[in-house]
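I have placed the structure first, in the form of structure tokens, so that the comments after it can refer back to it.
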Amino acid sequence: MTKLMPPAHPFDTSYLRDAEDGDKLKEECGVFGVIGVPEAANFTALGLHALQHRGQEAGGIVSYCANEGFNSARRFGYVRDNFTKQSLMETLPGELAIGHVRYSTSGGKMPVIRDVQPFFGEFAMGGAAIAHNGNITNAMALRKELIERGSIFQSNSDSECIIHLMARSLQRTIPERMEDALRRVEGAFSIVAMTRTKLIGVRDPLGVRPLVLGQVGDGWVLSSETCALDIIGATYIREVAPGELVVITKSGVESHFPFRKQKPRFCIFEHVYFSRPDSIIGDRSVYETRRQIGVELAKESPVEADLVCPVPDSGVPAAIGFSQQSGIPYAMGIIRNQYMGRTFIEPTEQIRNMGVRLKLNVNRALIAGKRVILVDDSVVRGTTSRKIREMILDAGAAEVHFRIASPPTAWPCFYGVDTPQRDKLLAATMDEEEMRQHLAVDSLKFISLDGMYRAVGEANGRDAKSPQYCDACFSGEYPVRPSDQIEQGFELKAAE
Amino acid sequence: MTKLMPPAHPFDTSYLRDAEDGDKLKEECGVFGVIGVPEAANFTALGLHALQHRGQEAGGIVSYCANEGFNSARRFGYVRDNFTKQSLMETLPGELAIGHVRYSTSGGKMPVIRDVQPFFGEFAMGGAAIAHNGNITNAMALRKELIERGSIFQSNSDSECIIHLMARSLQRTIPERMEDALRRVEGAFSIVAMTRTKLIGVRDPLGVRPLVLGQVGDGWVLSSETCALDIIGATYIREVAPGELVVITKSGVESHFPFRKQKPRFCIFEHVYFSRPDSIIGDRSVYETRRQIGVELAKESPVEADLVCPVPDSGVPAAIGFSQQSGIPYAMGIIRNQYMGRTFIEPTEQIRNMGVRLKLNVNRALIAGKRVILVDDSVVRGTTSRKIREMILDAGAAEVHFRIASPPTAWPCFYGVDTPQRDKLLAATMDEEEMRQHLAVDSLKFISLDGMYRAVGEANGRDAKSPQYCDACFSGEYPVRPSDQIEQGFELKAAE
Amino acid sequence: MTKLMPPAHPFDTSYLRDAEDGDKLKEECGVFGVIGVPEAANFTALGLHALQHRGQEAGGIVSYCANEGFNSARRFGYVRDNFTKQSLMETLPGELAIGHVRYSTSGGKMPVIRDVQPFFGEFAMGGAAIAHNGNITNAMALRKELIERGSIFQSNSDSECIIHLMARSLQRTIPERMEDALRRVEGAFSIVAMTRTKLIGVRDPLGVRPLVLGQVGDGWVLSSETCALDIIGATYIREVAPGELVVITKSGVESHFPFRKQKPRFCIFEHVYFSRPDSIIGDRSVYETRRQIGVELAKESPVEADLVCPVPDSGVPAAIGFSQQSGIPYAMGIIRNQYMGRTFIEPTEQIRNMGVRLKLNVNRALIAGKRVILVDDSVVRGTTSRKIREMILDAGAAEVHFRIASPPTAWPCFYGVDTPQRDKLLAATMDEEEMRQHLAVDSLKFISLDGMYRAVGEANGRDAKSPQYCDACFSGEYPVRPSDQIEQGFELKAAE
Amino acid sequence: MTKLMPPAHPFDTSYLRDAEDGDKLKEECGVFGVIGVPEAANFTALGLHALQHRGQEAGGIVSYCANEGFNSARRFGYVRDNFTKQSLMETLPGELAIGHVRYSTSGGKMPVIRDVQPFFGEFAMGGAAIAHNGNITNAMALRKELIERGSIFQSNSDSECIIHLMARSLQRTIPERMEDALRRVEGAFSIVAMTRTKLIGVRDPLGVRPLVLGQVGDGWVLSSETCALDIIGATYIREVAPGELVVITKSGVESHFPFRKQKPRFCIFEHVYFSRPDSIIGDRSVYETRRQIGVELAKESPVEADLVCPVPDSGVPAAIGFSQQSGIPYAMGIIRNQYMGRTFIEPTEQIRNMGVRLKLNVNRALIAGKRVILVDDSVVRGTTSRKIREMILDAGAAEVHFRIASPPTAWPCFYGVDTPQRDKLLAATMDEEEMRQHLAVDSLKFISLDGMYRAVGEANGRDAKSPQYCDACFSGEYPVRPSDQIEQGFELKAAE
């Protein structure tokens, strides 16, 4: 496919990937919008900072004010490094703004600023900006159709389809055009959009990705997570419902349900990994859910040991739960370097596990001679787990037991999460015992699907016939057909 | 009108304007393209460097090679500061490339990288890039129509209309789509474009802006001026004719004439000011034309004096001609600082004429007590002329006589030149004697319209009924109706 | 005093301070050196990365190789942002290198690159570079004397005195000159230095600041802390002894004791706050010491409550210890944003506690209705503590009890730690109950001096007549007379 | 083809050299100082801008005001790019400032900011800053002696010796210490220095390098050339005399003559090449001197031809003089690209003379078939001359005659000018006819030594027994023994 982008990008974002060793699933985006407050862009910058864990590669803000029209700033790098500058923020005046943080899904490709959202389009009835969290599963087909009809794409982003569909809609208002466009779109989408006078929020019919509504002063806020309400002192009102489109003006919130109603399938991985532990999803504390997974795990897969240690930072809540349930003391056996590392140049003198050592170090004096339970949030490729096991043994641990706070990740996500191809997922090719041998640990146990469902409050576990959540990455059961992927050769689970 | 652009731009280009005091007309663009040579982008960088005088604000290059597809780099600032970096140039591989330098017309607005050409569009039959020198006089109307049909504009540039018109054309090949699009376009355009296999050049039916064809090795070159052929050692072949569209592949040059034939009206100001003195236009040396203007001026408006001094650098050829015709010695009475200045912070201690002093200094020892003829290329607002007169008198000159190598500039250009609004043009509101008093000089004389035509080789001067050139900026006779401008309130010359 | 430095620095380091709210004591420096390994500078970069918590403002590396001589790079900002670039690291070849990270002590002054260590001097017998952790208490007097004798200082750093004293020494070798120079110096110093063939380490006679020796491959390492040995896979050998000067060549380590012997007084605050929890000091795990402080604190100051929550991250080990001793469940009631913030522009809409909210958020669902024990490492000005208390109460906590893992900080440190002036220290002007009222919490208890000494392994607590550690910041008993400070008006504790 | 670029330097200064092809002698420095005016640093920035031709690599300014003490800013790059920023200039308050622009002499070495002047030293009686134009011919010996005595050098600059000598002087005031120091120094020096209350200027006993005194408002100015007085509207008072030291305070100018009196030997190359044509030296217009050289050259070496063309820009005045004396028409046969080029990446397609083409282009239409006299200022290596001849012939010239406005440059300068080593100087190894053949031109003539002396006003030409000027670069007669160079193997002219 033709590309139009500079391979040698001035902004080196390679460290974003290195820092995480490519061994975690990545949320791709966070969205935020606010209406009815002065300096809306400053609120948006704070909100995006709180959502930074959902996308570290780039961020953008669009604001509107009557005198200045729409203004936009899109930048690579962290929110704190760009949207804290007085000179930049002064270019974003107005009481209405939306923003976006993103983690690229584009694999080996270099990021280009044209791909950074929000996207803007000028329609006959005025301009609109749009920011999208999720993934469109029929984007390839839509893009082809739109180009044939004369649309000129400026980005490689699938989300740009939405704005071209809106440009071609025969409807008369922007919210109507958005409904029209979204009816053509398949996949997962939580969208925050704006016109000159309206803040708009939409969730796809299954409600795969989150979106919440809050109030601050006389204004209204939309955000991917509640933690972004907290940072600006906003009050949490409710979640935008699956399939709901809200149109917010200064005079209040209108609710629409433009799509055919379906049973919701919220992404369960938001609970177990993506969302911040201080966020609230579906009235449940994310932290508490994760602690509860540790409790369930200790019930399902107990083991005799001297210490329960989290793999920092995301394993902490489950490790606390595991310790409390098992009575085995909790300890920080692995310390995280808070100054996370880019790729240092490794000295030729051979150093094992450099990648991991840059962010983690074992508390040798604590570990030596002990039987250690390590609680981690997930195993994706298994590369990090192997290195951590090695560090722990180097430090003199007597035994190493892994307990994983999510089921085996055996399937890629096509709904807005960056996952390796299926053959790179450890759990796609090995069963638990094979993984244990591969990681060379004394024991390895994952929480069961039912255990995880219990931890999120489903007392009876998973409803196998009609699951309460989207758990495709564990189960291989995709609630929306990934048609572009199938077109490119992806094979659905045989039983389906 | 709605705008979407960051006012506080990271690249400070203010000095571009300051350096010239806003007191000259500016060519807006230069275009260049090459096919059939290795490292076409390097050739293009050199060509754009030679065309830098046609646009200093920004530049862009698009190249194509089979393995890498289309690649693009657009940057603010001089060609020499961007397109000399190995790391950047390596991102532009291939044997086919086009480029563009631009000077913004957008008045007080801040430049944005999205406005920098070449523009790129992906069509059903493949991608194309396009670079435009000129101005579309019905762009506002076209833009409105295209938006209503669902096109999404990414830039504020009028040239973007062309690529959207092409996207919507029903024709089957890109050259055909370009013809189709350009038939809807009014105004002046010299275009260089490319597909995966073709280099395309077009001039509008009047041939207002220049475009020349050259050969280098086995390849072909298109360029705004011949000086860009010289820098790469290319051979000048011919001008692209008014109304001609050339399609160049490795196998040669095809010529098309898609427009209704009209009498050409080349821009006479290219001869007298815009083009580089070492370029050749219509087989005439630009330098020689300017020297000849000095000769004509000395015949039309002689004066007794001790020295003929050019206002550097553009007044030099006419001053040489004036000196040769009049027998009055030529001298560098004003010296130009080659390290042109941005806006220095002026000390509070009052300093007169700081702006001009940063680039010009009077050769005091030479000037003192002398009667000086100053030869300048043009008078636009008159601000610089006043300051120069003051410097010359400060240095002790006995008399100051201005001789101007172009007629009074009384009308704005709407064909790709940055001119002040009409009421800012000194000659729009004053006659020659009023201007002389305003500038407070001993005498002030402009070359006549006929004198200028004689200098460009029209022995009988201007054909008043059917002028040989576009001279609207002097005569107010616009060969293409400036419809967008009239829509916005511009009044044509009464007699018309 | 005269200064020669640019106030408006191109590198904005203000966020370093903001990020920490100026409400913690700061270690000023970390030092590292390595000899006898290829690419010594790469090892040094990794070591400095592991020591980054000891100084975030700037870092520098000097290396030596026979062909290239001494090379140096000093940069503002994090190690990971500078010393990871291939192009930079290639300029630092050789098998011998030393490095330094620093946190400025210069209060409101802007940092200048000339102040960044290592310092380099060329002596008659060759060059030497030196990096210093600590503070010279008679630097002002030394500087005055040296200037009078004709030395020209290039920095504002007190450490520069050492190299000028060396330049004027009559001794014949660099180690001898260093001994000669250090005998004139009062205060605390852990120094890593290098000549063309030697790596040198020195600790002051009291051994106030740490310095350890390790081995990697055939080479030797000096480092402020053991965590920097771990990152490069080096083996910890021993601490450099108080008053010891080690001279390391490829053939091994020579030990010298050039100073009059004194009873060591290691800085106790290295145990309780500065050092990384995964470092080992005096054969004790820093993490374990801090956990033990929590245990002692729970014994000394128990309270009924529902949750024990650390103030992240430094309160974690003590909170774990407190929870284990008290049986009250441990919980992450406060979540830290890992993307630490610079100063965001606060929206005018009033937002309380913005500074703290940028890095901390309360786990509302967890805290609501609970009696919470908050364990923090120290209280300096008290500003952060107040804001945290407010956040906790906003989230609906029933009671808030503060437990502080260090005694009240009532005196400034003059031995290499950045402390506020005495009147800014909360504990200098209030007793515990006044502080409790000031912070408006239900209870506030500090660990006792004796409790802290017990936690570091002194079973009988503090020896009041001859304390085992330097604890001047708590006790006001300064083991080295701060003569420059007294000259400037500082008053020692009355009893002294 | 020659390339000269710094591998890892953050500031790419390669273009400075490339732009000139290394084929001209370079003045190394310009100095400027002002006292008694508000915002002295802004005046200094303007003065340095006017002196930019004397040093393009870097510039620095030191200012003093009572509240802020001494402040300093030193930067690589042009004055206009650094010292125009409000944020920087605000850091340089006060009514007293000095500045320096420099062109490095350090050959292949990378420039470092530590080498950029003014240098600053703090002495027992207060601080002083110093900026130096010239070269110290016994610097190596001085440096060795000072290091042995315990001075620590921070730069590679020879000028730093002066400040260390001052630091060690036993005198009581800074002007006395400066006299003391300069009596130890051999070579050429024009110095501008400052204390808290004084502006000081000194010229070496021979007065090799220029220094002038001016008045602006109630303040005083020192500058390398008068063109820097013009830019700030200052009045030219007089030259500082050879061997004179002036101490300027608000109350006026004191004059001292601390050195043994010698017959002055001003650098004649300042007249013929270095100084700006609008400067005045010894009451003579530099422009007029150069024009007069052209007149003398036309008398000495006439030739039949059609056109006299300058090699721009420095050949212009002599070409005008040659044309006026010979009656052969003056023409701009070579056009200079005002957007001077860095090193572009040359396309592999072979392009001859790229280096020269980036800045020069031949006016083909003018030159074709003509006999052309090219007037250039000097021939150093001859590389540029060869390329220009080639371009002219390519353009179809019938004959090419070179006339050079200086005598053959056969000896290096050791007094502050960057010259190639002797064996790289064309005139060191060839006589005039050999050079003509080497350059392959129809004729080649240099102005004679006597002709040049006549042009600077010495009606009887050069006094061979006791030359009126330093003309060592032409004659090999060095008025000050270049002792460091002789130490390193340089051989003086045999006859000496």
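General observations
Going in written order, the chains are labelled A, B, C and D, and every chain counts its residues from 1.
Everything below uses one rule, namely that a contact is a pair of C-beta atoms (placed from the backbone, for glycine too) under 8 Å apart; a residue touches a chain by one contact, two chains touch by 3 or more.
The UniProt protein names, listed by chain, are A, B, C, D = Amidophosphoribosyltransferase.
Computed from a prediction, not measured in an experiment: that's the story for all the values here.
With centres taken as mean Cα positions, chain D sits 50 Å from chain C.
Centres computed as Cα averages put chain A at a distance of 62 Å from chain D. A straight line joining the Cα centres of chain B and chain D is 36 Å long. Among the residues of chain A, none is found touching two or more other chains.
The touch graph of these protein chains is a ring, one cycle where each chain has exactly two neighbours. Listed by chain label, the pairs that touch are A-B, A-C, B-D, C-D. Partner chain A is touched in their complex by these residues of chain B: 1-8, 62, 68-73, 87-88, 90-91, 120-124, 126-127, 147-154, 163-164, 167-168.
On the side of chain C, the complex with chain A involves touching residues 15, 37-40, 42-43, 45-46, 49-50, 52-53, 56, 78-81, 83-84, 86, 89, 216-217, 219, 227, 230-233, 276-278, 280, 284-285, 287-288, 291, 313, 316-317, 320, 324, 329-332, 335, 337-349, 351-352, 354, 357-358, 361-366.
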